[in-house]
Structure formats: C-alpha cells, structure tokens
Amino acid sequence: MDSSTPQLGIGQVGYAFMGAAHSQAWQTAPRFFDLPMHPELRVLCGRDPAALAEAARRFGWQSTETDWTRLVARDDVDLIDICTPGDTHADIAIAALDAGKHVLCEKPLANTVAEAQAMTAAADRAAGRGVLAMVGFTYRRVPAVALARRLVEQGRIGEIRHVRAQYLQDWLADAAAPMTWRLDKEKAGSGALGDIAAHVVDLTQHITGERILTVTGLLETFVHERPLPAQGSTARLGASNGSAAATGPVTVDDTAMFLARFGDGAVGVFEATRAATGRKNAIRVEVNGSKGSLAFDFEDMNVLQFFDAEEPSDTAGFRRILVTEPDHPYTGHWWPPGHGLGYEHGFTHQVADLVTAIGGGQQPLPSFADGLQVQAVLAAVERSAAAGTWEPTELPAAAPTATDARGTHA
Amino acid sequence: MDSSTPQLGIGQVGYAFMGAAHSQAWQTAPRFFDLPMHPELRVLCGRDPAALAEAARRFGWQSTETDWTRLVARDDVDLIDICTPGDTHADIAIAALDAGKHVLCEKPLANTVAEAQAMTAAADRAAGRGVLAMVGFTYRRVPAVALARRLVEQGRIGEIRHVRAQYLQDWLADAAAPMTWRLDKEKAGSGALGDIAAHVVDLTQHITGERILTVTGLLETFVHERPLPAQGSTARLGASNGSAAATGPVTVDDTAMFLARFGDGAVGVFEATRAATGRKNAIRVEVNGSKGSLAFDFEDMNVLQFFDAEEPSDTAGFRRILVTEPDHPYTGHWWPPGHGLGYEHGFTHQVADLVTAIGGGQQPLPSFADGLQVQAVLAAVERSAAAGTWEPTELPAAAPTATDARGTHA
Amino acid sequence: MDSSTPQLGIGQVGYAFMGAAHSQAWQTAPRFFDLPMHPELRVLCGRDPAALAEAARRFGWQSTETDWTRLVARDDVDLIDICTPGDTHADIAIAALDAGKHVLCEKPLANTVAEAQAMTAAADRAAGRGVLAMVGFTYRRVPAVALARRLVEQGRIGEIRHVRAQYLQDWLADAAAPMTWRLDKEKAGSGALGDIAAHVVDLTQHITGERILTVTGLLETFVHERPLPAQGSTARLGASNGSAAATGPVTVDDTAMFLARFGDGAVGVFEATRAATGRKNAIRVEVNGSKGSLAFDFEDMNVLQFFDAEEPSDTAGFRRILVTEPDHPYTGHWWPPGHGLGYEHGFTHQVADLVTAIGGGQQPLPSFADGLQVQAVLAAVERSAAAGTWEPTELPAAAPTATDARGTHA
Amino acid sequence: MDSSTPQLGIGQVGYAFMGAAHSQAWQTAPRFFDLPMHPELRVLCGRDPAALAEAARRFGWQSTETDWTRLVARDDVDLIDICTPGDTHADIAIAALDAGKHVLCEKPLANTVAEAQAMTAAADRAAGRGVLAMVGFTYRRVPAVALARRLVEQGRIGEIRHVRAQYLQDWLADAAAPMTWRLDKEKAGSGALGDIAAHVVDLTQHITGERILTVTGLLETFVHERPLPAQGSTARLGASNGSAAATGPVTVDDTAMFLARFGDGAVGVFEATRAATGRKNAIRVEVNGSKGSLAFDFEDMNVLQFFDAEEPSDTAGFRRILVTEPDHPYTGHWWPPGHGLGYEHGFTHQVADLVTAIGGGQQPLPSFADGLQVQAVLAAVERSAAAGTWEPTELPAAAPTATDARGTHA
C-alpha cells in the first residue's frame, strides 16, 4: 500500500458494541495487511446526534449522518457497513446494493427468512454490476478456526462423522438479570437461536464444508418474567403500571438445542444457551473424522486441538496447537509465535478479506446466500421445536419478492 | 472387621473384562473399607473349564462351577455377581433371587425392557424376604461423581437448567476394525446406545436427582460391513463363504444421540459414540444450574470442575477440584491428597457399598428398578429414532410377566 | 474526551516490531479509554528514509525525522517513545528528559547498570520540573497479571513463600537457526537474561510487591556457532571468509536460571530460555502464599489461576478465572465477558496509564528507578553465574555520573 | 503362572501407609502380570502386636513377627520388603542381604550417604551370591513416566538441554499444621529434601539417562514452631512444659531448591516443597531437547505431554497422550484404552518388575547403587545450601565401612 493505492470510502451505520468493533477494524486492517484499496472512514451514521458525534470523534470518522437514506445517497461512500439490529438489515442493505454500494452486513443476515431472501436477491442483482455483499460471521476468521478449515480441506481428518457444537453464555442464568429488548420477540426475532446458534451453524458448515440438511430441536425459556430496568417507559414491554418491582415477559428462548444431519452423512449435536452458568463465550466445535479430530473453544481462542489418527498409537494424542506461527492463517501479519490475538482481530481479518475480494473483483465469503442458508437452518429448528418433528432446511423453490419480504416488518 | 465378622459367600458368573474387575474388587474392598461382612470368594462360574480354572487360580476363587444353575443351588453362596453378556442377565438373576441369593448384576440390566421388568419384579419379591439386588453402574462411585451428587444435594448449583452428557470412544472409527458379536444386534441388542449411553443416562439422573421424561434421538451406523476375524466359522454373521476378505454386516448403531427433558424442567443433550477419533473413554457430564455448574470427564477422573456463581465475579472461575481429600467421598479410605485413584476403584467402592447395605438390611442403589428405568429411557430413544418423534420414557402400566419376558429370548 | 481535551504531541523512535506495537497503541488508547490528553502522532523517527516514510503512512504518523536529536529539539513533541535497541536508550532518554520531554522507554531500560543509573538520575532531575519517565514492562498490564497484583494487595494469598517464574521460548532450539545481532554480546549485552528474564523479574516483583535481594544463577549457551544469513557482509560477526557455509560465534547466553531470596522471606526459582522446544512465549508465574496461590501463563493470557485456601477443602481447587469481566482490571473498557484480549492490548493499557499519569501529574509506574532495579538484579545474576556464588542485588551507594555511564558504550 | 510356578516367600517390615501400598501390590501383581515366581505373603513384621495382627488379617499375611531379626532368620522367607522409616533401613537391609534374602527397600535408601554406602556394599556382596536388592522409586513405573523414558531412548527429543522438575505439596502451608516426627531432624534426617526432592532427582535422571554432576541450592523453613499434638509426652520435641498451646521446633526444611548441571551438558532447575498451597502431589517433570519436549504432572498421572519438533510447524503442538493404550508400558496388563490407573499401580508394577528380575537372575533397577547416587545428590544440595557454593555430587573414593556407617545412628 503506497500513496497510489485507490481509496475505498466507508460509511458505517451503528456505533454501539458492533460499531466499535467494526470501526477499530477499518482503522487497523490497512496497518497490518497490504490491501489493494485504502479504507477511508468517511461517514458514521446513527440517530442520536450527540452520541454520534462523540463516537465519530473517538473512532476517527470524517463526518456523520443521522439518516441512513442520506448515507446511501452520498457519492463519497463506496461501501456500507451495517452494524444495526437485525430488523433494519434488509431495508438498508437492499437500498445500498441498489445504489451501487458494496455491503458488509452484521449477522444474522435478517430476522426472517423472507427478508434474507430479498437481501440475497438484491445481492445477486448487484453482483452482476460488480457490487459485492458479505455477511459478517467473523468467527470464521479466528486463526484457529481457519486452520481447522484448512486441515479438513487437506483431508487430515478424513471422512467426517461427528459434529459437536456449543455456544455457551451465562448472562441470563441469574433470574434477576433485567429485561432488555433482546428478550422481546417482536424486536429480536428470537433469543439464543438467532443470536448465537447462528454462529455455530455457520462455523460447523464452514469447517466441514458441508450443509445441514435436516434438524430436530427444542427451544426453552427458563425465566419467563424479568425485572424491568428502573428508568423510562416500560409500556411497550407489557409491564403492569405502578409497581415498584415491575417485570416484563420474556418472549424469546433462553436456549436452543438440536440434532442435525449433514449432506455427507455426518451427524451433529448443537446447543446454544445464555444460561450455562460460568461459561462466558464458550464457542466450542469438535469434529470427528475417520482419520482425525479437531476441537476448538473460543475461551482459549489461540488454540486448536488436533488428533491425528495416522500417528502410531503410542504417541498419538490431542495436540494443543498454539495458532500463532507465521504459516498459520492470518497470524503472520501480526506478532511473533506465542503472542496471541484477541476477539477484535477477527473483525480486522474480515475487513482485510473483504477489501482484498473487492479489489480483485471476487465474491467475498460468506455471501448473502450463505447467510440466507444459515437463516433457513434456524427456521427449520424453530419449526421442528414447535412440531416435535424433523424438518428439512431446504427452502421452498419460490421465494417471496423483496417487497413482500420487507413488508413483514413495516 | 475382626475375626468375628460374619462371612458373605460370593459366587461370580463370568471371568473376562468385567469378571477381572469384579474379582479384584471383592479381594480389595475389605482391605480398605471396614465392612459388616467379609466377602469370601467361594465360586467362580464359567463354561470353559480350562480358562475357568486359570481365572480362579489367578484371582483367588476357592472353587469353580461350569453351570450357573448349580452355582445358584449351592448353600455356601450368599450372593451371585453376574458379569456375563446382557442376554443372560434375566435368567440368572431371577433364578438367584428366587433361590434367596443377593444379586449384583452388571449393566445394562437386560437387553430388553421386558426382561428388565421381569428382573425388577423378582427383585421386589426377594426384597420382601430380605434378599437384595443391585445393578452395577459403577461410574456413580468415582469420587468426583459422588462429590458432584453431594454438591447438587447441598443446593450448591441451585435449580438445574442444562445437562450436557457425552460418552465418547473411538474403537470403531477405523473402518478396518473387525466384526465382533457386539456389532450383531441379535446378540448385543444395540450398539453404543445400550453399552455406553446407558452409563450417561444413569450418571446424569443420579447427579441431578431427576428423571428423563421425554426424548427425541437418532441412531447412526457409519460402517456397515466390517472384516471378519480370520479364525473360525463366520456363518452366523452372514458372511459369504470362500472369500479371502470376508466381511460381516454391522447391525447395531455406532452412535446414539438424543435431546431430553427432565422432570424438573431441565433440558439435556446426550451423545454416545464409538467413532469419536481420539476420545478413548471420555465420559463427560456438565450440569448448569441457577447458582453454579459442575463438569466431569472420566479421562481426568480424579477431578471435578465446579463453578460457584455466588462468588464475586472477579474471583469466580471453574475450580479444578482434585478429588483426593480425606473429606471427599471414598478417598479417605485410600491414600493422601493428590494420590489419584484409577478405573477399578469404582468396582471396589461398589462392593463396599453393597456389602454395607446388605449388612444393614438396606436397599443398595442403584436398584433393579433404577436399572429398568434406564432401560426404558433407552427404549424411548430407540422408538424416537425410528419414528422421528419425541417419545415418553414412562412405561405402560401393565408390565408383562416374568415368564413372558424371558420367553422373548428362549 | 471531547474537543477541548488538550493534545499530547508524540514522537516515536523506531518502527520495527516494538514500533508497530507502540504505534497501534497510541492510535487505539484514546478510542477505548477516556484520557485527560489526546495523543497526537506527530513524528516518527528512524534512519532509513524509505522504510520510515512507509511506516509513517501505514501507522498514521504526521511527519518523520531521520535524526533523533532533531526529534528531541522539536517544539511540537511533548513525549518521546523509545522503541530502539537497548544500546541507544540512555543517550536518547537523557537528552529527551533534559529537553523537557516526557519519556516512555522500552525495556530493558539499558544494556548496563551504569547507563540505567544515568537515566534514572536524569529522570529524577526531570521529575522536579514535572517531566515524567516510564519504562515499558507491558506484561504488568495484561489484565490477568493486574488481577494477580490486586489479589496479593488484598491479602488473598497471605504471606508469600514461593515464587516460580519461567519465560520459555524455543526459537534457538534448532541449531540451524541463523546468527543475528541479538546473539552478539557487543550489540545485545546479553541473551535470554536481558531480553526475557528481565520480564519475569519485573513481573514477580510487581505481583508480590517485594524486591529480590540475593541471587545465585547460571548462564548457558547450547549452540556456540550458528550459520550466518546468506546476504551481506559477515565480517563483524567474526566468520571466516570464503566459506559456502559460513558460521558466526554466539557470544550470549541461550538460557539464564537462578535462585532468589526476596525481602519478605519468600524464595524464588527463575528460568529464562530460548531453547525450550515447543514453548513459544510461555511467561509463567506461580506464587504460593500462606492463604492461597496464583498462577499465570501468557500462552493462555486471559486466564488467572487462583487457589483460595480459605475455602473448605472439599470444594477448594485452582479456579480458572477468565479475566474478561467488567470488574477486572482494564477489561471493562473492551468487550463483553468471554471475549478475550491479545498481546498488543498491553501496549494500549500502557499508553492509557501513562497519559493518565501525565495528565494527573503523577509518577507513572514502573519508573526508571524500577527499571534500574531490575537491571541490578540481572547484573547480580551475571556476577553470580561467573563466580558460582550468591550475589546481592543492591547497588553500591555512589552511582557513576551520566557522562561516565554513557562513556562505556562510546 | 500355573500350579507349577515356584513360590517366593515374602516378609514385609512395616504396615502403615507404605506397608498398605506394598501389601496390596504383592496381592495384585500376580493377578495382572505373568510372573516367573508366585509371591506368597508369609510374614508381616511390626512392633505393636495388636495393630500388626489386624494389618496381617486385613491384607492377607499368613503370619507375623514383632522383631525384624527373627524375620530375617526365617527359612520360609526369600525376600524382605522394607517399609519402615529411613533410619532403620541400613540395619535391616544389610542383615537381610547377608542372610541371603532378596531386598526391596523403600526410598530414600537411607538417611545418610554413609549408610547408603554400607547398604550398597552389602548389595554388591550379595549379588555375587545371586541375592538381589532394589530401592523403591515407584514413580518410575507410572506408565506415562516409563513412556517418557522410552521416547528419550528412541531419540525422539534429541539432545537434552533443559530439565525442569518440581515436587509440590501443601500440607505444611498452614502454620497451624501440627508438629510430627517428620519435622524433627534427628528422626527424619531432612524435610522436603530427602522425602520428596529424592523422587524428582531419581525421575529426571531416569528419564534422561544422565547423572547430575554439580548443584547449587538452598533450603528454607517458613514455619519454625508448630503446635504439638495434644496427646502424649512432648518432651523429646523440646516443648516447654505446662502450656495449653505447647509448640515444638521444626528442625528440617520446608523446601529445597537447586540448580543442576547434568553429565551431557543439560541444565536443570529443581524445587521440592510442602508449602505450595493448592498443590497436593504435583510431581512435575519437563524435559526440553533439540528435537522435542516431554512434560508430566502426577496430578494428571495418566497423561504424557509430548512435543515433536519434527512435525511441520503448522500442526505441531504438545500432544496430550493418554497413556492407556495396549502398546504403552504396563497398561496392556490392565483395562481398555481410556480407563486410567491410580497411585498404587506403580507399586504393583514394581513388584512385577522385581519378581521378573529375580526369576531371570537379572539385577532389578533402580539398584542400591542408584539409590546411593541419589543420596549423594541430596547431600551435595545440603552442602551447597550451607556454603552458598556449587558442589559436586561425586562421592569421595574411599567409602566408610558398613560398621562405621551404621554407627552414626547407634
């Protein structure tokens, strides 16, 4: 990257948790990766002008907009990065793609399959004009996960038989943890299912290179009423008025669990929960194949466990590979061996991969179609949980139109 | 235990893997535990006279019998210990109980629910005469597991929400591993389901104190034909004649997986497999409650992980409790802290608990009724796997008679 | 931090490994921490104009200088950050302090005690004028290490008896690893001793709050000749001419080991090596006290192990504290629980602490005096290794003057 | 082993902790190993007739003696197993060997080098008559340790550079732990040094196949007065009379630490302590070689960690080898893979190895000469701790006579 590197004007919508992670990634990626285009932090977009100004100053954005439709219309923006809640993704992404902007959209792609289908259709249309879209399953870009994918591709674990995946958190284990919009089905769509099960669905399909075909699952809510935060109006959460200890109803799942069958004959067990006391962000994936096994836990994110069954039995054992060597994915761009990376590095890798794909005119992965397929798996889990049956993840052939899809949230 | 301690005459059927473990336990228990009766190794019973004589000499049995009906008839035997394959359990146990002998029966209690019901009925009849029966789920008696149970009873993890259980082995991961009778449904009843899933069903119900009410599961076989061992007749396994590389059909499951709902509202994920490459005997149970969590892995059997959510958050973490302290279950009878126990200690504890119960006239646990209930859970998994539905584990009210039950294997 | 926050003009010398880590930290700190002054990346200083320009563009430095004396003279620079090899530290730091610039100096403070004394004297003079100096032992600012210090201060482990510290790397385990200036005593001063033992000396003294008083140690070199890199002149490394496989002599230690006695009666075992095959950056510190123990390993950097001996013995065990909670040191400024940090976060914390200290007119820690004391410990190890005796770490009362000190490297 | 197997009459002195472990091993070894001679538990010897009778009954000894000189004189005893405190070893072992009995002697071989020399001389004399002696460093016979030795012998870790050994216990961490004879120098000889450092000296020399040549160390006592047990006379421990809270002086070390140089150029760090709070029986050995590394911790005794530097760097990592495979040392005699062993299995392996050696007329290892050499290392540590210098471990050429040696304890 020298002074002749073309610029890529970035506009980002949202400046909270994900907004901070993305801003830092846009700043950091060009320092550690040689990119074909230089990301310029042109516009930060949000609704609260004061908070927006503060976030823009803090993270180095050159200007702000309080209306995303104006952001989409700006000539100096080449890529829109969507960091808002899921119910706004479809509108922004479709408008941006139709306006000729590349799009990076946070996961889940949308709150409904219909929205995700409309977004995918928009991405398909845009791709014909060289405008590219990607969904942000950043955990794929943890070096240990990328190494797991590489070892599977190299055939090191043989034919895959078992997938064992868990996403365990505990912030709802305490019945006194307060009500939030995330626990309101109207706003959040679902609970652990859409928020965190989505990640392990993507991760396991990415690592194995196979798709989930059928599922049977259950959804469970352990705590049905939670205290409302003291401040502000509580009406929309349905709480009774006047009570000193008002509570609101939890209308989403605390946990989602399901069995799965993959296209290659492998079987899987999945579990996502916010009530696994003591587990903070334990994204665990284990894959057993005919020739070896792989295991990963995000709570020890710089490590991949690998068992090679082709070793003689007296020296075989799960190897704790510290994924910080120069020949590991991504890590050669950072520090010497043994100097681990952290959570936000995945976002920097995502930006680096995205800008590289755009610069080379390649489809960045995971695509919106990939995001839609994850959504279809989650929808099948939801159907199976309601009916107590196995459900296929394949979508019906005739997808609704984009207009119909967006209509559902109007 | 002094010279006035009454004797307890033991007759054991079977002298292979389980037979060795039980013999060693009968010898060892009175050395490390103060028992109300002294086990005398009176009779070892088996069919091959030469091998039987060698086993009896090796393990210190005073005499032998080659026909279990003669064993049951002997006056000098007070307790029959059944270490044979599952399809013989019902006949031997019922005859022994009816003859007034206490019975220790290896798990699974039987190959079918009907047999298990008949055995339980016999145990009920016998109990009225002070004759006691126990089924051998020895993993309950690993000190770390017993400590887990104690902490749950003390309320240390609060209301239970999640159970996560795996029994992972890998001896069938290699498609070249040979055919055995264990892979023949007629002989073995089922594969991973009855052999190893049974253990985690018992363990999780024991630790939580709750019963599994409904399940939905799948059974899968990855390798459908396996090479026959070179020697001897292969006819009964259905192999073609005359081939240099004869194979036989595998007619049982390599893996069993299921979701479960417990009586107290907890939900569970279960997996048992013989194809988890690199996992040798990984019996893993994790339980998450409202106030804490527990985790155990038999591959690190002297350790219990405990998370106490009542700790301040800055010093909370999973504790690696080395379960070798004098105030831990069983361990005070052995060595100083830090000097771990091994696999066969569970069998010694089982003998100690059984003899203590008999001496005190108490029902030893797990009872045959407990073994039957585990069998009912496995049967529900099998039905659900066939039908793709959730199935209750509760048995129909009218159980078949003992005669009917045994008739199914005549 | 709003628009009225005063600016702090930064000039940094060096742009290699440490230069990259520091640049990233100067950029990142104000985004995640509320600082009393805003760091402005004014000048990057180095000798190679082309590489310097590229580094400045990449990391966002506003201008460059190729002569550090000009950097020190610039009015728009308030703080000089020294990221060069140890033999240049004294000249730059003393000149900067004398010119009224705050100084952040990478460790080790200097290559000799005499230089470190001169620098400390300069820091003392400067402090009288409100000009502040700090040495960069960044590992103190890993959250798990900071938590360890806090628990010791709170008395959670009682009276300290044992310190067990290792810094294990393996990049010199292979005898074919090439010669570098780091293995040349003239340039590097020492090997593992000054480069990595320095870190564990600082860490253990920081965590315990106690100073090492006496030591006995050994230094060892396993590989005495190493292949020279193919390119360029090899004369200064003493290689023979004309050989196809030229080698150069290694004149520093591969490993340093020593026993230590602390001021409070604790005893310690220290080891630093670049030949511990398989250990990449294993900075391990364990401290045992009368009431508890702490253990840390940088290869699992987001974790602190804590044993609380005041727990009842049946539930006591080393707790794996995932140091990512809001009430842990530093972590509340970053991501939710379970989302770990990486190596370079320590540098960001260092900048945040330094700017906060400068803004508040407080002495930042560790001071140059702290760095000098570490140097004195290393010197005592070197003396003891040569003489085979125990050596005190206390320095003679009369320190040489700054001029004398710098003279040793003239 | 069939009925024609010759018998080996065993006489054991001592029936406490070590006595129980040895008795169980004598009973168990012939059940799981094919031995050339069958151990017969002929005589148990001790001083308290009632306790002795109870122990003999419990562990199946056929008769008892209360005077070891009578035991040594018995014709039906072929081997004397010495499980008494160290100050009695020399007298019993020398008498037994001179009487033509094989000897197994618990470690440490003796309390002084002089005694150990006399015992070794007796063993040398006896060997000429086909009478064999072994010292009981049982940890060599933990399968993971035996595998480590095998991998070193196979050259898998190359040239050894680093040895890192710790034996950590915590039963003296609490200043309120009571006084015992083990803390009285007159009785016990030394503290952590002779009791537990001895084990790691033997283990590291065994695994590496190299001898320690020189050492420098320190001994430290953290708690100098401890409460006397309430019951009985306290006079010989020097306590003041009449006090309700009488204490006695601790006259041995709580911890021993030393640096070491091995014969092949490797360097080592050793630490043994009874004050490492939270560590119960953590015998840890790590060995780093030019081609690989090995690590063991007795608190996870069925595991050996192995790093193979000849692996490509992207899949290299420490392997957690579960040492329970049929082709691992000893484990093929026990249970299937994944079914771990415990502390006392080492004693069973010791008996099996000893009887096999006697049956084959081979010198069992470790010999008394090996035990003497360990003693010499400990003595060098003690001298170096007193003088603050490096001390050689080689013994002076002219050893004192057996009579002189025993005289020191008369």
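Observations, loosely collected:
As written, the chains take the letters A, B, C and D, and residue 1 is the first residue of each chain.
In this section, a contact is a pair of C-beta atoms (placed from the backbone, for glycine too) under 8 Å apart; a residue touches a chain by one contact, two chains touch by 3 or more.
Here the structure is a predicted model, which means the values were calculated and not measured.
The chains in contact with subunit C as well as with subunit D are A, B.
Of the two chain pairs shown, B-C and B-D, the one joined by more C-beta contacts is B-D.
The chain with its Cα centre farthest from the Cα centre of subunit D is A.
Averaging C-alpha coordinates per chain places the centre of subunit A 42 Å away from that of subunit B. For the pair subunit B and subunit C, the distance between C-alpha centroids works out to 56 Å. Mean C-alpha position of subunit B lies 37 Å from that of subunit D.
Shown for subunit B are the residues that touch two or more other chains, namely 279, 316-318, 322. Contact residues on subunit B toward subunit A in their complex (touch as defined above): 157, 161-162, 164, 166, 170, 173-175, 216-218, 220, 222, 254-255, 257-259, 261, 265, 267, 269, 271, 273, 275-279, 288-293, 307, 309, 316-318, 388-390.
Residues 1-3, 17, 20-21, 23-24, 27-28, 30-31, 54, 57-60, 169, 171, 279-282, 298-302, 322, 324, 334-345 of subunit D touch subunit B in their complex. Of all the residues in subunit C, the ones that touch subunit B in their complex are 147, 151, 156, 304, 306, 308, 312-322, 325-328.
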